[in-house]
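I have a structure I would like to understand better, so I am pasting it below and will then ask my questions one at a time.
Letters A, B and C name the chains as they come in the text, with residue numbers starting at 1 for each one.
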Amino acid sequence: MTLRADIRIRRDGFSLAAMFIAEPGEPCALIGPNGSGKSTVAAALAGILRLDAGSVQLFDKTLDNGRRALCPQRRNVGVVFQDRLLFPKMSVRDNVGFGLRARGQSRHDADKTASKWLDRLDLTAIADKRPPQLSGGQAQRVAIARALAIEPDLLILDEPMAALDPESKPAVRRLIAQALDDFPGVSLCITHDPVEARALARRIAVIEAGAIVQVGSSAQLQRTPRSAFAAAFVGINLFQGVISCSGDKPVVLDARRCGQHEDAAPPVAIRIASPDQSIAPDRSEVFASLHPRAIILGRDKPQTSARNAHRCAVESIDPIEGALRVSLTGPITLTAEITDAARADLDLTPGSTVWASFKATEVHVYRR
Amino acid sequence: MTNTGKGEGAAPIILPIIAITGLSLFLLPLAGLALRTRWSTAFEQLRDPAILEALRLSFIVSVTAVAIALCYGFPMAYLLARTNLPFRRLIRGLALLPMVLPPIVGGIALLSAFGRNGILGPALESIGIHLPYTTAGAILAVTFVSAPFMVATLEAGLRDLDERLESAAATLGAPRWTIIRRVVLPQLAPAIGAGIALTFARALGEFGATIAFAGSLPGRTQTLPLAIYQSLHTNLESAFLLSVLLLVVSLTILIALRARIVPGNNQRNDRT
Amino acid sequence: MPARTLRTHLAALCTLFTTALAGCGASSSNEHTVTILAAASLTESITDIAAAYEADHPGARVRTAFAGSQILAAQILEGARFDLFCSADDNQMDRVGGFTNAPIPFATSRLVVITPASTTAVDAAGALAGAERIALAAPEVPAGRYARAALEQLGLWDAARPKALSLEDSVRGVLTRVVMGEADAGVVYATDTDSTHAGTIRVFELPGSVTVRAHFLAATGSAPPNPAGADDFLTYLVTDASAQAILRAHGFDTP
């Protein structure tokens, strides 16, 4: 039941060429910045958009081969839309049973199956209500039930929690995670929220400017992000550059922050520990990632074993769950993570000057 | 808040003056109509078989015209709003042409097509279909001028809908007709209501095309407006009474439509 | 205020408004224009007489409007301004008695049955009997009254009426239906069947037993915009030799 997708579409000056494989039982997430093509991928898989070239194959069925495409009705793809798109003039029960009745089941049979799903998603109490009367969280659950009721081979969730308020998110997220765990087919969750991706998927594909730039587990992404977006997604500092060596001495790297414009700042030298054998020394293009927590901030120039130290200015301080993210600019652009107490001790405010240091061994270098 | 002059704060006084003057231009004739009608004899007059005949005929012709307009109008509107048919603009123009065509021109055009010496007339007569100067002809004339209102209203209604709902239904496996039946039509109900009202109003008031194509024969083709025209020259009291009757019907339709005619009053579907 | 006064006031208001609009269009004042409302069947003859009148009376302008007599009578009742009214029967002339001076008969005409040129009938009765669709004028139209009277004299009315296509509002409407081929037969005035329709219709005279004649009357308005012109034209119509000649040339009989 593998999904093999090679989606090539050209629309309004936007070019999409996304290739990926998804297996049943392994929920996938597709993440990327706005305009990267996520929704286009979803539409192509659902059959709402046709490919210009390439192919989409679900198990032994060719959904689209660039020349001929199966209409959405015949694909057995369940979609949970970003805007839910529940039928406003039908009750919740009829919405959930819609796909079944559309496929020819009698009202009685469809209602029975619908009731089962309503129960699973805790919707029985509102089964006779209409979509305009539902809250965001309820509507989301109805949309999920409606898609799951047809027992699709492929389930696509397009930003399933984008329209929810923060209070409803955790509960709905748990529900979706549960449903995805039980779901026997291929599932693909499109999102721009890192928490959602981590919670709902085991494999994450990163799409940027119409191409898939990285696929891996959440841990892999965290360890070796390969694009600015991926790095920002997992909250890692990412640099790219070339290694330069001087004999046996520890190597230095001419690095630019990933995603930063070339003219924005001159490259900075990052001292690293010896890279592993797989990376050839001298002028090879590499990524270097650095976790925010590995950065130590201090008022004075540190006299420590950390071989990287730079004098930076605090640009902003943003709270995250349980900590503070400090954005630093200067000879090097960094995001550091400290505690509230540390901030108070250092008396840090936007505009303060601070020394940022980190050990060479904390920099993880890997091939581009 | 002080009125600091033209364009700021309260509207200039000239606007209400223009509005009242213009409105009285429209209201005076209606008031005159109500005042000139001899209400004391109204009920007896209404029992006149000739008048009842005209009422009955108008009703039959208009209702039939609306039914035909619905059957033709929805597929037409769907074609224009939901497909990529080539020459859509041209087709839409042709479909809506009778709306701007002077009705008498429509009647003469119908004669040239279906009249005894028309393009299709002889062929139809040979298989027993007589259209001009028959009730069927009156229905055809009325449908010709009023059906475009149905097409226009339904197309606008379809364009107002969120097409993505139909995509959603497709992904759930619903064939096109099921989507229309269970997703589109229920949402289109207000537009259908408005279309029916507008088409009916136009059908009821149709004069020029009917008199040219179907003629004016009491009991067969003399609908209310044609009856009013004849009584205008013979029995003025009758003309006023029938006019007031039509006026009341028109007002009723207008009231029923008020929610849709004024822009901004449109009730959009809640989307979740 | 009593309904009558209100009605009069409203009528006055509407007339004022209409006249103001009409007056905007009129270039010269009403003193030199003669306004004539005439029955449809008088279209060509009155037009020609008007031209002759203008030639004889330099500076005079004649404006004409032609329609079924009952339509014109209704307009007069509702306040239309006119100098001369020419009706095709006394019924409609009587209706406007309060707005006109004494009417003067000035022409008569026979009635005929017309059919499309392709007919196979040989006489009027045959044409009517063989017709599936007959064009008639409405009962209040002079031509309609005369037609009924004539056909009743022939005993053909009961058979003909059910075959009526449509009840036209003027005799020219009847003519049009037959000319277009929509009707198989129609009853019009003999004077309507002049050369312009020569090829498209056939004319059948009614038998001599039919005594019905159309009587055309003319009357000046009791409050005409152009009193001198009204009297002048009426006199011209009824007495002038060239006017009489024109009428006869179009097929009318003059008293």
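Simple rule for what comes next: contacts are C-beta pairs under 8 Å (C-beta built on N, C-alpha and C of every residue); 3 or more make two chains touch, one makes a residue touch a chain.
Predicted model, so just to flag it, every value in this text is computed and none were measured.
Colleague: What chain groups remain joined by touching if chain B is not counted?
Modeller: Taking chain B away leaves these connected sets: A | C.
Colleague: Skim through the chains and flag the pair connected by the most C-beta pairs in contact.
Modeller: A-B
Colleague: Between chain B and chain C, what distance separates the C-alpha centroids? Give it in angstrom.
Modeller: Computed value for the inter-centroid distance: 35 Å.
Colleague: Go ahead and note the Å separation of the Cα centroids belonging to chain A and chain B.
Modeller: Result: the chain centres lie 55 Å from each other.
Colleague: Averaging only over C-alpha atoms, locate the centres of chain A and chain C and give their separation in whole Å.
Modeller: 88
Colleague: So which stretches of chain A touch two or more other chains?
Modeller: Residues of chain A touching two or more partner chains: there are none.
Colleague: If you look only at chain B, which of its residues touch chain A in the complex?
Modeller: These residues of chain B touch chain A: 162, 164-165, 167-175, 178, 182-183, 186-187, 269-272.
Colleague: Along chain B, where are the residues that touch chain C in the complex?
Modeller: It is residues 28, 32, 35-36, 111, 115-117, 132-133, 214-218, 221-222, 229-230, 232-234, 236 of chain B that touch chain C.
Colleague: Would you tell me which residues of chain A are touching chain B in their complex?
Modeller: Checking each residue of chain A against chain B gives 46-48, 71-79, 81, 83-90, 98-99, 102-103, 131-132, 134, 136, 139, 146-147, 150.
Colleague: Which residues of chain C touch chain B in their complex?
Modeller: Chain C reaches chain B through residues 3, 6-7, 10, 13-14, 68, 70-71, 73-74, 77, 133, 138, 140, 164-169, 177, 180-182.
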